[in-house]
Every structure is written in structure tokens, then in C-alpha cells.
Amino acid sequence: MIGRIRDKNDIAAAIARDITAEHPDGAYVNLGIGQPTLVADHLPDDSGVVLHTENGMLNMGPAAHGDEVDPDLVNAGKVPVTELPGAAYFHHADSFAMMRGGHLDVCVLGAFQVSTAGDLANWHTGAPDAIPAVGGAMDLAIGAKRVWVMMTLFDKQGAPKLVPECTYPLTGLGCVERVYTDLGTFAVGPGGLQVLEVHGIDPDELARRLGLLDAVGERRT
Amino acid sequence: MTARICDGYDEAVAGTADGSTVLVGGFGMAGMPVDLIDALIRQGAADLTIVSNNAGNGDTGLAALLATGRVRKVICSFPRQADSWVFDDLYRSGRIELEVVPQGNLAERMRAAGAGIGAFYSPTAVGTPLAEGKEVREIDGRTYLLEYPIHGDLALIKAHTADRMGNLVYRRTARNFGPVMATAARTVAVQVDRVVETGALDPENVITPGIYVDRVVAAEQERAA
Amino acid sequence: MTARICDGYDEAVAGTADGSTVLVGGFGMAGMPVDLIDALIRQGAADLTIVSNNAGNGDTGLAALLATGRVRKVICSFPRQADSWVFDDLYRSGRIELEVVPQGNLAERMRAAGAGIGAFYSPTAVGTPLAEGKEVREIDGRTYLLEYPIHGDLALIKAHTADRMGNLVYRRTARNFGPVMATAARTVAVQVDRVVETGALDPENVITPGIYVDRVVAAEQERAA
Amino acid sequence: MIGRIRDKNDIAAAIARDITAEHPDGAYVNLGIGQPTLVADHLPDDSGVVLHTENGMLNMGPAAHGDEVDPDLVNAGKVPVTELPGAAYFHHADSFAMMRGGHLDVCVLGAFQVSTAGDLANWHTGAPDAIPAVGGAMDLAIGAKRVWVMMTLFDKQGAPKLVPECTYPLTGLGCVERVYTDLGTFAVGPGGLQVLEVHGIDPDELARRLGLLDAVGERRT
């Protein structure tokens, strides 16, 4: 079964499903700014997943609304959030030590490009007039035990974002383990590309559109 | 020297020399020491290097300081934001220098300055454009870059409560860079919501011990009370 | 994986392999995880490397573990004490290896292990016999030695209170190496005086977040209650 | 005036006097294990001196007695102590970061030998059967802004402990600024030896006994 093309909520749900299934005893997870934050909405209450935000908190709750808004309690995207029971606050050096030291189980990031070897490009378009701004992207990319990317498979011009080699400036080398997209889920890394799932497209057609005809691996769907 | 409780923000930033490196706490507006920044603008020191996570939002605080033209260089992780027009304009017109540092390296480099570490090997940014010019070393099968400390002449920090010895506690994610910057600067000025008597803070819960704090200012309504 | 509340000390040290490096908290008896050490003696793992500030006092705790002959090497800052006769005898008869590390470098090397730092330059021990074999480097006019991380397979720690997620608070100077060792070992076992419900600890005052903690055991009377 | 030979309490009092006089706005001070702890007894209550103990505490109080004894509250010598208002606890890495980072104003240490260049030997006698044990000595030696030594000027065999070059294994290089002894107080360091005070002995006789005849500097007493 090929299934239908996934929207961003479907992708987030698939990531939430895999985090839960592959970490039955709970997991410490960082969700990058933007679409990855949608993953939180799909985690069951009893998943045991604890969210980390790199600006100094574990057990972050959902976005704050109305009276809950506290300017001293924001996530990495500077959006007001809430605190769950069992939360802990710490300073920036401790927070990034936690990340860099490999204590997070999963980190989900957006990307401009991911290479089949797992290289990540998600901080800079390379445009000459762009002001470079990296934030915590490079620390996140190399920190978590497993780095997963959530993105559309093609950009607005139709160019693949899963590529043999990144042309955008890199965020990290060989750091991505898995890529969740609207058209399929892929394993990347030293073993090369593996198609895990496809959605709304024939696998061979997908490989052709990606320009990665030799990319045939195990398929779940 | 133990901490001094100051009468106002101006006293807390007095004597800042031209050419100083100033560490400015905060992550966006959480923990941003706006009143101390305003005092630094009034104080007038120029040719400054600012170290902060961002490079100003809107037209107030750090953005207002940049707008004075007295900042030569910004060292930060994320200058570009929806409302960073002051910085953007200075940068695009070549009137300000920028050193972009990954957020974790930024924090760790200041931690190293405060902890007397000469340099350290970080795995962050290996193989990226931000590795350019940095010494590379393989240790135990992994590649690292050599990173050096960032020392401040002055740190401007916002905390929640101080006691009269300068012991500090923060509030929620407004803690962020404060405790790290407090260790890394020669003079540390802190604005707090309130100052309590020594002994009122639980010693188990002090986040920044007073040894790191030089000058403390309570919010205006608190001082008037 | 989130922390597990264990039924007893034996469960907390189960599966320790021969040849493991075990980080043992405590400064003298303050913060010494005596019950976990006793469990490790019962568990029987051999050929161990022990990393701790001292090398045992009297005949109990760490000294009792050394007396089993299952410790190949001790990495510590201060083995020699008035009541360290078990270690002294093993050392003088060549039955145990010793690596003496200055106390600050010991703490910082474990901190580096927990923080993903590949190595760091410390000014401690420059020009002394403990500098032998270490890489020397001059940075900004000061001389430093290159120090590498110390990773543990297991850490044994004593804290005061845990919640059910493994968040920890300590008591007074019994805190010492606990929070650092908790970051530096693959498996972290903690003995506490009591376990409270999640939400009972103030998030501002958690010293070791549960992310670092794998196994928690409450004192026996607490479990029986 | 030559004055009388000082006992250990006199030496401690002189150190306390100088800490207070030279740090009128208060000081953060670490007193090494053994005789340096006596300095605390001679500090006026209003001196503003805050004591650091490297096992994780600032604003340590005097030794604990009777009901005050708490096994969780000890100093670097593992002696039960008390807590003063304004105290703070922290872990070992933070405590030694505080020290190594140069945040302590003064550290007072005992010594086997100090060289006129300020080298310190206080951790190991060099005896072949001695078990090496360094503790925090090397971190303290290089950490504080000012490292002062408190010792007798001659050892039990009558050999000077203030020497042109240390023969005992070193703790730190060029780290000592001042040496307080029973017979005099000395400045040491890159500028060489300077006699600041003498006690119970003629300065020239002192120089002769030390074997440092060219050591003639400014004298306060």
C-alpha cells in the first residue's frame, strides 16, 4: 500500500508513534523550533516522554495561553510555555552540557537539506545577503543520541531536500539517523539511504524523482 | 570584595571603559537586564563588544544600545530575528562586526572563562563553516574543535532575588545565561526584583553565590518602598 | 529512559560487569553511598576501577569493597588518610594501582565526560610531578596541561530526596561529587533518604535533573513504611 | 624592634590582620587544612571575610560542637562545621571552577617548602614509601588571587623551609605571594625574596641562617 501524502501533522504523528514505540520506558526529547514542536501534540499522556528546551528546562509543558503566559517561561523559539510536574530549571551551560554529553534520547529538527550520509543543513541558506544565525542548531545536531529530521521531501521549486551531498552550508556531519517527510520516511547515515516508508507515491517513482535510483532498501509500507 | 547594593542602575554600571567587552544576559526578553542596558547607554562607554545570545529586539534594550553606534562588535548565536532591524541595518551597512557562535559553545566558552579553563575541545560545528580557522583534533575516534574562553569586563544580568551578600536566585527560564556570565566577567552588575536580608535565601537553593556578584540594584518601586 | 524506583539496593547495582569503571560519590563519609557499595560487594563484579575522592576509611564502605580484592585500580585525589589502612596495605604490597588526580581536575574531568567535552586545558599541576606525560600548552601567557574526560560505566551516589522521575536534591556538603558523577556514567544508581511524588520538588531547586538518573533506592525504613 | 618569636596563633593573627587591612571591603578566603584554619579565630566579626571550603560551600562557620554536629556538613579536612547566614552550597566541579577561575581573594596554605620565586611544595615529602595524596592542594595553589603560606621557618632538623629552590616535589610554580612564619614574614615571587617583618631574631642573623645573604628588602618591624 502506498498510502496518502502526509501533511505536517501526519509527519509529526509518525514521529510521535516511533518515539513511543522505540522508547517504551520513556525518553528525553528535544523538539526543534517550528514544525517539530507539533510532535508534542501527538504524544500520548502516558508515553513517559520528557521534553527538553535548550534555554534551560526539562519537562516543559504545552504552549501557554491567557493567564498562563509568563514572560520568564519560554521555549527555544521564545514562545511562552508551561511547566509540568517534575520539571527542572538549569542554566545555559548546564543545558548544553546535557545536550552535548549525549543525554537526550531523541532530537527532532527541521532541515533545508539532509544527505544520504546523514549530513544536516538547516541553519543557513548560503544566500550572500543572509545574516548568519545558528542558535542551538549545531549543538543539537551533534548532541542527542538520535537526531531525526522532519521536513518536506522537495522544496518549493521541486528540488529534493534529501540529497547525495548537501549544497547548503552544513550544520553537522553524519549526525542525522532518520528523515520523516510528506512522501516517505528514510534512514540515512554511514550505511547510506534506506527507504522505510513511502506515502502517496510509487517507490520507484520516488527514487527517480530524488535522483537516487540505487536507493532501494527495506520498506515497511 | 563582597557585593555592594547600589542606589540605582547608573551606579551599577559606573566606570565602564571604552573598549569593554560586556556580557549581556537574557534569551529574548526572558532575563534581559533592560534597566542596566539603559543605564549603560546613559553612561556612554563606546567601542564596546557585546556578548549575548541575540542582537536586540525592536527598539529598546540591546537594540537601543546598538542604535547609539557605540557597539563595535557583537558575539552571539542568533542575531537574526523578526524584530532585529537595528542590528540588521548596522550589519548590512558594514557598521558592526559579527561573530556567530553556536549557542552551546557560547555558554561553554564563558563557563571556561569563569572556571579558569584555558581552552576546550567541543564537537559542535565540526565540518561546518563555523569551524573555519579553528584547530581540529581527533580524540578517542571523534573530531573536535578547540574553543577559547570569552572573558567579560562587565556582565549585566537580571535575576529574581538577591540577598545583601549578592547571592542570587532566578525565575524559570529567565535563568538562562545569567549564572554563566556572572562567573566570566571582572565586574558583575545584577538587577533584581527585590533584595532580601542575608539569611533569607535557602543556602541549598542559591544559584549564583555572592562571590560572583559585585553590584546589585533592586527594581525602582522596591528601592522606593 | 526515565528513572526506575528500585525495591532494594541489589536491584540498583544488578548487571554490573567485570572490568567496569565505577564512580563513587562522597567526600569522606559525607555523601558516601554506603548501602550501594555494600550491594556492589554482594553483586560480585571484579576487576573494577574505582573513581572517588578518597580510597576508603576504616573497614566499611569503599574500604570493604577494596578488601574483597575486586578492585584493580583506584583513581582519586587523596587516598592517604588516618584510617585508610585497607588501601595502604593493598598499595604497599602492589596489589592495587593508583592514579592520583588533583581534586579539581578529578571533578572537571568527570564534568567533561558528562558534558561531551573531548579534553580541556587545566592550569592545575603545571610544573609538578603530576604533570608527567601530559601535553603542555601555553595559552594567552599561561601554561596549561591537557586533561581528558573520565567516563563511568556505573555511578553510585547518595542524595537526600528524589521524586519519582529521579530528580534529586542533596543536603549541605554531602552534595560534593554527586551531581558531577551523575552526568558522567552510563548507569547512575542513587540512594536517597526518601522518595517523594513527582511535583513535590520545586523545579527551581532540583540539583540533579532526572535525565541523569537511572535507578533510585530509598532507605530501607522508608521502603518498609 | 625585633619582637618575640611567634607561635602559630600569633602567625594566624598576623594573617587575619593583613587580610582585613588589605581587603577593607571584605574578601573570599580559603583556609587550608591544619594550622591555616586558625586564621578564622582571629578575624573580627565585621571583617566581611567569607570562608570557602572546596568541598562545596561558601560562608562556612566555625567548627561544630555537640548538637551542631551534622555528618552532611564538613570542611575540607572532614571536620564538622557550621553554616552562617548567606551560605551557599554547590557541587565539586562548581567549587573548583570557583577556585581555578580566580574568584577567591586569598588562600592560606601550609607548606613543606617555599622557594624565593614563590614555588610551593606542600603535598608530598618525596619519601619513597609515602603514598602520594594531593587532594585539592594543587588546585588551591594556582587558583586564588593571592596565595599565602603559613609555616615554621625551619623544620624539626633545623633546615630552612624558605629556600632558593624546592627539593620536595612541587605543588605549584611561582604561585606563593607571601610567607608567614614564626620568625618573620616574607614576600616571594618573580621579584625574589623580600623580608617584610622579623620576629625574635636579628635580620642579618636570619638571612645568614636562611643561607640567603642577599635577601635584604623593606622591613616593617
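Chains: A, B, C and D, in written order; residue numbering restarts at 1 for each.
Everything that follows uses one rule, which is that a contact is a pair of C-beta atoms (placed from the backbone, for glycine too) under 8 Å apart; a residue touches a chain by one contact, two chains touch by 3 or more.
Chain-to-protein mapping (UniProt): A, D = 3-oxoacid CoA-transferase, B subunit; B, C = 3-oxoacid CoA-transferase, A subunit.
A quick note: this is a predicted structure, and the numbers were derived from the prediction, not measured.
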Original post:
In this assembly, which chains make contact with subunit A and also with subunit D?
Top reply: B, C
Original post:
Count the touching C-beta pairs: is B-D or C-D ahead?
Top reply: C-D
Original post:
subunit A to subunit C: how many Å between their CA centres?
Top reply: 34
Original post:
Any idea how many Å lie between the Cα centroids of subunit B and subunit C?
Top reply: 33
**OP:** Round to the nearest whole Å and give the separation of the Cα centres of subunit C and subunit D.
**Re:** 30
Original post:
subunit C: which residues touch two or more other chains?
Top reply: 108, 111, 115-117, 122-123, 170-172, 203-204, 207
Subject >> subunit D, residues touching no fewer than two other chains >> reply: 57, 83, 89-90, 96-97, 99-100, 143
**OP:** For this assembly, give the contact graph shape among line, ring, star, complete and other.
**Re:** other
Original post:
So in the complex, which bits of subunit B are touching subunit C?
Top reply: 108, 112, 115-123, 137, 139-140, 142, 144, 148, 169-172, 202-205, 207
Original post:
Which of the residues in subunit B come into contact with subunit A in the complex?
Top reply: 27-31, 53, 77-81, 87-88, 91-92, 98, 100-108, 110-111, 122-130, 170-180, 207
Original post:
In the complex of these two chains, what residues of subunit B are touching subunit D?
Top reply: 1-2, 4, 111, 113-117, 163-165, 167, 183, 198-199, 201, 203-204, 206, 209-212
Subject >> Contacting residues of subunit A [partner subunit B, same complex] >> reply: 53-57, 70-74, 78, 83, 89-93, 95-97, 99-100, 119, 124, 129-139, 142-143, 169-173
Original post:
Touching subunit B in the complex: which residues of subunit D?
Top reply: 23, 25-28, 48, 50, 52, 57-59, 83, 85-90, 96-105, 143
